[in-house]
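Okay, handing you the structure first.
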Amino acid sequence: MRSLITTLVRVVVLVCVVLAIVPAVEAADRDKLLSEPGVYGTFASYSLDEAWGKQDQAVRIAQLTVLKGVVEQHREKLAIDLYLLRGLSDHADVLFRIHATELRETQQFLLDLQGSLFGKHLKTAGVMHGLTKKPNYVPGMPENLKTELKIPSEPGPKPYVIVIPIRKNADWWGLDQDKRAAMMQEHTEATVPYLKTVKRKLYHSSGLDDLDFITYFETSKLEDFHSLVLALEKVKEFQYNRRFGHPTLLGTVRSLDEIIEILAQ
Amino acid sequence: MRSLITTLVRVVVLVCVVLAIVPAVEAADRDKLLSEPGVYGTFASYSLDEAWGKQDQAVRIAQLTVLKGVVEQHREKLAIDLYLLRGLSDHADVLFRIHATELRETQQFLLDLQGSLFGKHLKTAGVMHGLTKKPNYVPGMPENLKTELKIPSEPGPKPYVIVIPIRKNADWWGLDQDKRAAMMQEHTEATVPYLKTVKRKLYHSSGLDDLDFITYFETSKLEDFHSLVLALEKVKEFQYNRRFGHPTLLGTVRSLDEIIEILAQ
Amino acid sequence: MRSLITTLVRVVVLVCVVLAIVPAVEAADRDKLLSEPGVYGTFASYSLDEAWGKQDQAVRIAQLTVLKGVVEQHREKLAIDLYLLRGLSDHADVLFRIHATELRETQQFLLDLQGSLFGKHLKTAGVMHGLTKKPNYVPGMPENLKTELKIPSEPGPKPYVIVIPIRKNADWWGLDQDKRAAMMQEHTEATVPYLKTVKRKLYHSSGLDDLDFITYFETSKLEDFHSLVLALEKVKEFQYNRRFGHPTLLGTVRSLDEIIEILAQ
Amino acid sequence: MRSLITTLVRVVVLVCVVLAIVPAVEAADRDKLLSEPGVYGTFASYSLDEAWGKQDQAVRIAQLTVLKGVVEQHREKLAIDLYLLRGLSDHADVLFRIHATELRETQQFLLDLQGSLFGKHLKTAGVMHGLTKKPNYVPGMPENLKTELKIPSEPGPKPYVIVIPIRKNADWWGLDQDKRAAMMQEHTEATVPYLKTVKRKLYHSSGLDDLDFITYFETSKLEDFHSLVLALEKVKEFQYNRRFGHPTLLGTVRSLDEIIEILAQ
Amino acid sequence: MRSLITTLVRVVVLVCVVLAIVPAVEAADRDKLLSEPGVYGTFASYSLDEAWGKQDQAVRIAQLTVLKGVVEQHREKLAIDLYLLRGLSDHADVLFRIHATELRETQQFLLDLQGSLFGKHLKTAGVMHGLTKKPNYVPGMPENLKTELKIPSEPGPKPYVIVIPIRKNADWWGLDQDKRAAMMQEHTEATVPYLKTVKRKLYHSSGLDDLDFITYFETSKLEDFHSLVLALEKVKEFQYNRRFGHPTLLGTVRSLDEIIEILAQ
């Protein structure tokens, strides 16, 4: 019976979306935004308010159609990814990751989102910003390590996402560049066994919020991710973290349509 | 008079549950999930909202029947245990412990739970995840200690449950493996006098949330459990805890039917 | 005029209570519960919700009658004391202290309390548990000090109550038993000048919540109690407190009838 | 136009107050309460709830008349001062400072306040208690310093109030009395340049709440007060503060009538 | 279609504002307030409540007209700037920066704001105060550094605003003036590469709230601002920060009319 309802919802949502006046948009150069340096990544997490679930399904579907419209409209300039945190994180229900060349564009999207009929049910749980940079290889890092770091992770779906914000302590920044580099090499070496199954992306945050880094991971093997973090806890650099997580965000990677389908039920 | 109402509620609940369209399910191999390594354990605690208690008893019973249906449906793949925290913990009213081979399955259960008519009255208090692993005996641990650790706790009901989350500090992970092992042996020896009356289970959390371990205890003698913690506070390893508890969850082990009966009143 | 209303309320409450179907109960052996070791003491504090004060006085009186019934019913097995925190603590409005031989009994009382018509207006502010133990005199403690400790505090009403939760730091538990004992003797000596005017009771909490001790005080001279704490801050043992208070609960000792009268107004 | 409304409100409030059945009271010996040692000072801060501002002005004026009645009634035994925090502190809207010889009297006043029609709109933000003591001059303190400390601050209105709660760390209390005295003399000397423009009062809190001291200041020159705190931050004794502020309460000194007038608008 | 609504809103707002009874006011000497020492700067941030967005647009526009009136009325004495935080900070939706020669004037403005029909939808997120002072050049600071510091930042719009509150630790204030000065020179030198693209303003807070400094920045190049903070983290003085941010406020500089337009939609 559940799958019947699911199919029904899927059809209704589809029809609504087609009928909705969504301007034809050209998608932003998503690949560029996701790979180039100098791009701002924003992680905005939200909880749904108590009124959300008490509405009729038809009303919820109408509001989710608005969500779809808002996201599509901004995909011209932004790369927008969605994640379902509900059930796995106590911090929030959904997470948006937005890549933009200017944070003003991201602000405009989130204003439109929060101002929409759907957005009135969102309570902001947290907003974090970071900047992508060229990988800054430690001078003297062995060539074979550099080569290994360039091998992409195994293809195939990686259903789990983990986001860990990090703030280094003042001692870290007070160290000589050389000492920091040596510790970062040790850190990097500890990640090598997990490069194939755990995909990583790094954002630099100092000054944009109360963090220094946002670390983003995707994996299909949570056990490997657990082992990776355990390995990172044992390197010397870990002792210079003032904050690691708090919150650690754990969820599943979902398409906009999947999120809509889940929230419609 | 209270026992009369109790009996009545019991009958009504029973009838409702039988009438409800609950698909026949095969229980997951509960024993395996509870004993094998590589299993994910999730501890999800919830408070009931203020509207819950203001509803008619008939409405509450109908909603609790839905709860029963959701739990039964997911028992095919998951091992689900329930605990009553209300009155003993200020943190939450009920606690679910869910064992699964994939956290996606746990997320689907909690989505269905939170999306149900009953779930609309639940406010998430906390979610923690951990992974079971093979016991990693310290090299050189005396054989008699290993033997003692294998003796199961005394049979019979253990009405009390205690869950204590733990985060070690960076110094702990920075120690040589040998030093950590020696301290863990001292820790283990301190637990021996309580192995018979206090049942224990350990979950490894690093990376899955903001913890390193979740420790789970069942006992019928809370005084013994208190003495156990007091003994553990005195071993050297305790000084490497950055977080021990906060919250310490104390409650009673209850069957799904007992929880339903209590919440129906 | 106020005293007229007061008298009226007193009469109405009395009549209601008499009419209410309160099963005849034998009071638990209160003296034993309050003096023997191996007894669990629970401190449960609550705030009244905003809806409470907006109800008609008649409705409030009916609900307070239910409170009286619930308390009387459980006095068979439990020793239940009430305190008024409102106005003196920002933490909560009322505090229950419950002594029981099993925490399950306490849980059942608090379930009945929170599930009652009155309880629906209570918001849990905090729950702490501790265990009473035989006084563990430091070996070599001077006989005259032991004698002084056995002298009961002066008789007569002690209107003020103070509850201070304490968590020792890891260094404390890591000390040799001898060093801890020597410091506890110094601590004990500092309390001697106040034994007559400040009544004390100690509960051991490790493992039952996020504390090591709950200290309970009654006095008619708050200035003496202030001097006592000032003296305790100056002994060496104080430096091993990780938490002292937070919250410090300050209130007045009240009978159930006094609480009912105050809340009825 | 605003001043016209203001005048109107003033008249209406006056009439209401005169008509209200306020028992004729003799004011407590306010001067004694404000100058003698052994007096308890309570700082109770409140926020107004969201419903307050949504009521008709007539309803608000009626409720403020009740506030006036409650305050007047208790002025027989208590010295009650009011401050407006709104706009200058994010902690609360109004602050009451109450001086009493017994905290039970203060509790009765705050019970009556919170139980009144006006009080139902108050949300407790914080309650702190302290005891006044005779100035405990450091032995060997130079006579000229003692003399300077006795010179009262300049007369004239001091519109600004600042309240800073302080908790010393364990190291402070573990110091020899001599060392503490020497540091307090340095502290006192740093205050001398500001004695004329900044009025000070000290309360001792240990055991009455989670503080050791409450420091109270009035000034017409906030810049001088800023310089005073800056000077105090630089003396050695400052390093022994575990908590200084958090919150720092900043507001303006107001009469009961001024508060009523502002809240009526 | 969106731009059509935008234009419509713009017209309606304009008409309303013209019709509203706004007293003709002379603007305060804004330039003086923004450049001179001895001026108080207040940073008050607010969130809009849930009811705000659920109102009809016409009602919201009427309320925003009131906001405009309140701001205009106080511009006689105060310099008032507005910023949009929504979407970029999880702390609040809007930020007011108010410069005044007396904090009483600021309090009156915020009382009028919070008491207005618009203000009833504002929830105070935070209030911070600081005082402007003459730049206190380190003795012996090289002349060329002083010269560089006097060069104003590049003209042109600087759409981004960042506000970072700072509290130094007790060790900082315990240092010799010379050591502090040397570290401040190192700090200042680190800022030189960013003087052109990042505009800065400093406020001194000790005693006025729980901070020592409020640092205010405007830029069009957030990447430069990120690099500036990264450079500041590496100088020795950074190790003496007890609090740096928490919250870091990030938003966009907006005129009152722009804020009104955005909130009207």
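Order as written gives the chain letters A, B, C, D and E; numbering starts at 1 within each chain.
Going forward, contacts are C-beta pairs under 8 Å (C-beta built on N, C-alpha and C of every residue); 3 or more make two chains touch, one makes a residue touch a chain.
All values reported here derive from a predicted model rather than from experimental measurement.
Annotation of chain C and chain E: jointly contacted by D, touch as defined at the top. Chains that touch both chain C and chain D are absent from this assembly.
One copy, chain A, sits rotated relative to the other, chain D; on C-alpha atoms the angle is 145 degrees to the nearest 5.
The geometric centre of chain A is 30 Å away from that of chain E, both derived from CA atoms. Here the CA centre of chain B is 48 Å from the CA centre of chain D. Contact with two or more other chains is made by no residue of chain D. Contact ring, oriented from chain B toward chain C: the chain order is B, C, D, E, A.
Note for the complex: chain D touches chain C at residues 21, 38, 40, 44, 49, 103-104, 106-111, 114-115, 120, 124-127, 129, 131, 170-171, 173-174, 204-210, 212.
Against chain D, in their complex, chain C makes its touches with residues 1, 50, 53-54, 84, 86-90, 159-160, 162, 164, 222-223, 225-226, 228-230, 233-234, 236, 238-239, 241, 245-248, 250, 252, 262, 265.
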